[in-house]
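For reference, chains read A, B and C in written order, and residue numbers begin at 1 within each chain.
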Amino acid sequence: MIYDVAVIGAGVSGGSAAMELSKYNLKVVILEKALDAAMGATKANSGIVHAGYDCEPGTLMAKLNVEGSAMMEKLCENLKVPYERCGSFVVGFDDDDKKKIEELYQRGIENGVENMEIIDGEEARKIERHLSHDVKWALYAKTAGIVSPYELAIAMCDNAVENGAEIMLDFEVTSIEKKGNFIISSPGKSIEARYVVNAAGIYADKISKIAGAEEFEILPRRGEYILFDKKAESKVSTVIFQTPSKMGKGVLTAPTVHGNMFIGPDAQDMDDKEDKSTTIEGLNYIKEMAARSVTKIDYSRIITQFSGLRAVYSGKKDFYIKNSDMLPGFVNVAGICSPGLSASPAIGVMVRELLQKAGLEMKENKNYNPVRNVPKPFSEMNEEEINEAYQNDSKYGRIICRCETVTEAEIVAAIHSNVPALTVDSIKRRTRGTSGRCQGGFCGPRILEILSRELNKEPNEIVKSDKNAYIVDSRLREDKHND
Amino acid sequence: MIKVDVAVIGGGPAGLAAALSARENGAEKVLIIERDARLGGILSQCIHNGFGLHMFNEELTGPEYADRYIRRVEQSDIEVMLNTMVLEVTRSKTIHCINSDRGYITVEAGALILAMGCRERTRGALNIAGDRPSGVYTAGSAQYMVNMQNFMPGRKVVILGSGDIGLIMARRMTWEGAEVKMVCELMNYSAGLNRNIAQCLVDYDIPLKFNHTVVKIHGRSRLEGVTIAKVDEKLKPIKESFEYVECDTLLLSVGLIPENELTDNLQVDMNPVTKGAVVDETRQTSLEGVFACGNVLHVHDLVDNVSKEADIAGRNAAQYLKNSIERTREIKVKSGENIRYTLPNYIRTDIDKLDIYYRVTKTIKPAVVDVYADGVKLKSKKLLVLNPGEMETINIDIPVDAREISVEARENI
Amino acid sequence: MKKEMEMTCIVCPVGCVMHAEMDGENIQVTGNGCKRGYTYAVNEMTNPTRMVTSSVLVKGGDMPLVSVKTKEAVPKGKIDEIVSLIKQAEVKAPVNIGDVIIKNAAGTNVDVIATRNVG
């Protein structure tokens, strides 16, 4: 089998590209080194759909942000991905900040952002009652929203597979050779494709290099976050930025689409592309910074803390999305840091256009279905809907995760979905199981049993996230005599 | 729609005793709703001994203690729904629940007893920095894996927190061949029983490090180690004391929180100290006909006390149905100096004697407990020691015209 | 022969720190607050005993394990042997609470019995 296009990386960029390409009569394969989609920069970021006032006018970032953000609502509706247009503030504390806010406003106008206004602190507090009293000015952007980034990437991959694409998990690309077609290999396996899309996130530089395409550098920039319980009293309802600095958009306080609140991220340039640990200093810093924007953060309601690595292009501050001049048929989609998530729907379209420019012919796939056929989460069903779901599958009657009300039926469905959930964390990202306030204390061991049963694996072969993240060491008592 | 006199949510020690007591005191139709496949609650996984000394005058294991009650429930006409999760409870005492045998079920109850127990505090709540590998479990989850699922979580273990579950798991894991390297305790005392420290740690030369905590978790896939640190008087980690300890398993035994998610729907008054409902001497919450007992009300250290409390709640739920709880007054029971909380929080009926349960904020040795009624000393009791980990009781005579009762503890000089 | 032990008393919540010394038949205990503490210290010196609670593999049951205990406390020195007997043992469902799983474990005259029903 020779694929038309191999997409390396199943994050929002790769997922968007694959989904866009599945609208055409192409054989597409997504190659992902992890055991799930969305495991890189997509997994741990702020989940903000930016209005688009922040980017330098004339950059790809500015263009794709505004385009992507405009596409997001409809896309999420089709893909059944939680999205909410909650609006955002950039808050300022003094005259200097006000100047910056005015600059942002002007930039927004240039970038074509609609529905922005500059308001004073008092007016802002009427909209967001948790804003600190030190806030003097705010840029209010009503088009900004929030989305679940990992669910978006998984849904885009899922939709691509539903429409004919394939996904290969646990496929870590170690070599790319061009012999007419591209031969792309992972230890013990290889595939052949006519075109390659390099959406390898933090490792896009490495992939471009081993393929023999342009050499550039992607720097990992870590951001730490603290996530709060749904019942935290200081829960905000809008995204609150501070005026931006050199290192990024500053520490923000924002709601999540699942009704939680988070604070973060900080910005640390790293040497290690695998270091997603949180630090005492980092966590303290974001607490300190967040306290400037909002009043009374309820630290007794912390659920968890995590960090993510942004993939930052070392050259000019912009995305690096282009056809390779050195290696025809190879498209680099690199440096997709913020506002990459907001831009992602538009990134897929741009990749498709680049492939067409590179000579890939494509005809529309008449059977393409943009709507993802997934049942409503149990937690959102009413009595009637629950009864109906239960009649079809009695596993809807067994709640596994009590904090987030997730049923066995949903967990089993996730395991056997287009992008199969092979790990406990994969189930979390699809169903929310283990993500609540008990953090899997109750349901974790039960999900382990379900995974073991459905995947027909020994319990010690079931992992939390990657291949070495085993959950149990062994059975306590082995059955010695098999009679 | 099912109609019952008393619905009990939770079939652990509190729910079992409450249901039995409600039935024995005249409630005709009593229903226990339990989310697990069996009755007994957390006792099922507590296979160690030490339960029932007060209640049965013998030392039972958890499953044996539960069995005493389960048998009585089985012999009664109390209805039990297993594998059933309650989704919502309304203020009109309608319970919406679901199970895999019957689907969606609505239960209408004359009186409701909350007995949902508690859950464990997690790593997130402690705000420990570092990686997020597998191998970090609450002690209770690990206990479930070992004792219920036949799984061995890991081989080299560090335990954070010296609560009883953590201590018990230290011995359990040692017996199963794991190397338990240490138990770190943030405070300078243990919340666990002396007996468990002696028999689960000292017997196996497992060090108990007071004023120590885990500050960082290492391991990108599976846990590889933790950084521990000594803390100062303000409980802040001392940088110079950081020490790396290699381990593949970290067990957290750092406290329990009443599981009051369902209670939130009911909008009853809550006690921010116990994180449970505010109740009067009948164990009735601020919403009439809704009672609470066991760890959902406040976290207990002895199951015997859970059973006693549940007995009160069950009896009063039956009384409530007969319209025989008459609220004639409202005496507030206050926590005075060195008292973390008391139970009940109010006295509302015409009783003349009451057992007040209380917990102190710190170790006091030797101690005196004083009870005042509107500022006048009612009773004093001397004790050799008062520990924050142990719930105590004091029996008082209630003056007829009392308005406020206050409990205080101090050192006996 | 001389023997010394430092221990925390477990008899009551006070938790007295006791020191016990044995010289032949003669045992001296200091630091104890009461008579019960003295008895505990002497027992710990001469014949410390403990309960063993663990689990035994069940075949064909609705649970994989049955919880078990030694019916009485056994000498501390026998714990290892009893624990390894428990690890080797296997029973078939159904098991009833109180069933003897291992008779006269490690020659202690104490049985290991089931502490729950497994159907």
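By definition in this document, contacts are C-beta pairs under 8 Å (C-beta built on N, C-alpha and C of every residue); 3 or more make two chains touch, one makes a residue touch a chain.
Please read all numbers here as calculations on a predicted model, not as lab measurements.
The greatest centre-to-centre gap from subunit B, using C-alpha centroids, is found for A. Of the two chain pairs shown, A-C and B-C, the one joined by more C-beta contacts is B-C. Look at where the CA atoms of subunit A average out and do the same for subunit B: the two points lie 39 Å apart. The mean-CA centres of subunit A and subunit C are about 54 angstrom from one another, to the nearest whole unit. In terms of their C-alpha centroids, the spacing between subunit B and subunit C amounts to 26 Å.
Residue numbers of subunit C whose C-beta contacts span two or more other chains: 55, 57, 64-65. Touching of two or more other chains is recorded for residues 476-477 of subunit A. Residue positions of subunit B touching 2 or more other chains, listed in rising order: 146, 149-150. Per the touch definition, subunit C reaches subunit B in the complex via residues 7-10, 12-15, 33, 50-55, 57, 62-65, 67-69, 76, 79, 83, 97, 115-117. Against subunit C, in their complex, subunit A makes its touches with residues 476-481. Residue ranges on subunit C touching subunit A, taken from their complex, read 55-57, 59, 64-65, 87, 90.
Within the complex, the subunit B residues that touch subunit C are 37, 44, 47-49, 59, 61, 63-64, 67, 146-150, 172, 175, 193-195, 197-199, 202-203, 365, 384-385, 387, 390.
Residue ranges of subunit A in contact with subunit B, taken from their complex: 226-227, 231, 274, 276-280, 282-283, 299-300, 302-306, 383, 386-387, 390-391, 394-399, 402-403, 405, 408, 424, 437-442, 444-445, 448-449, 459, 463-477.
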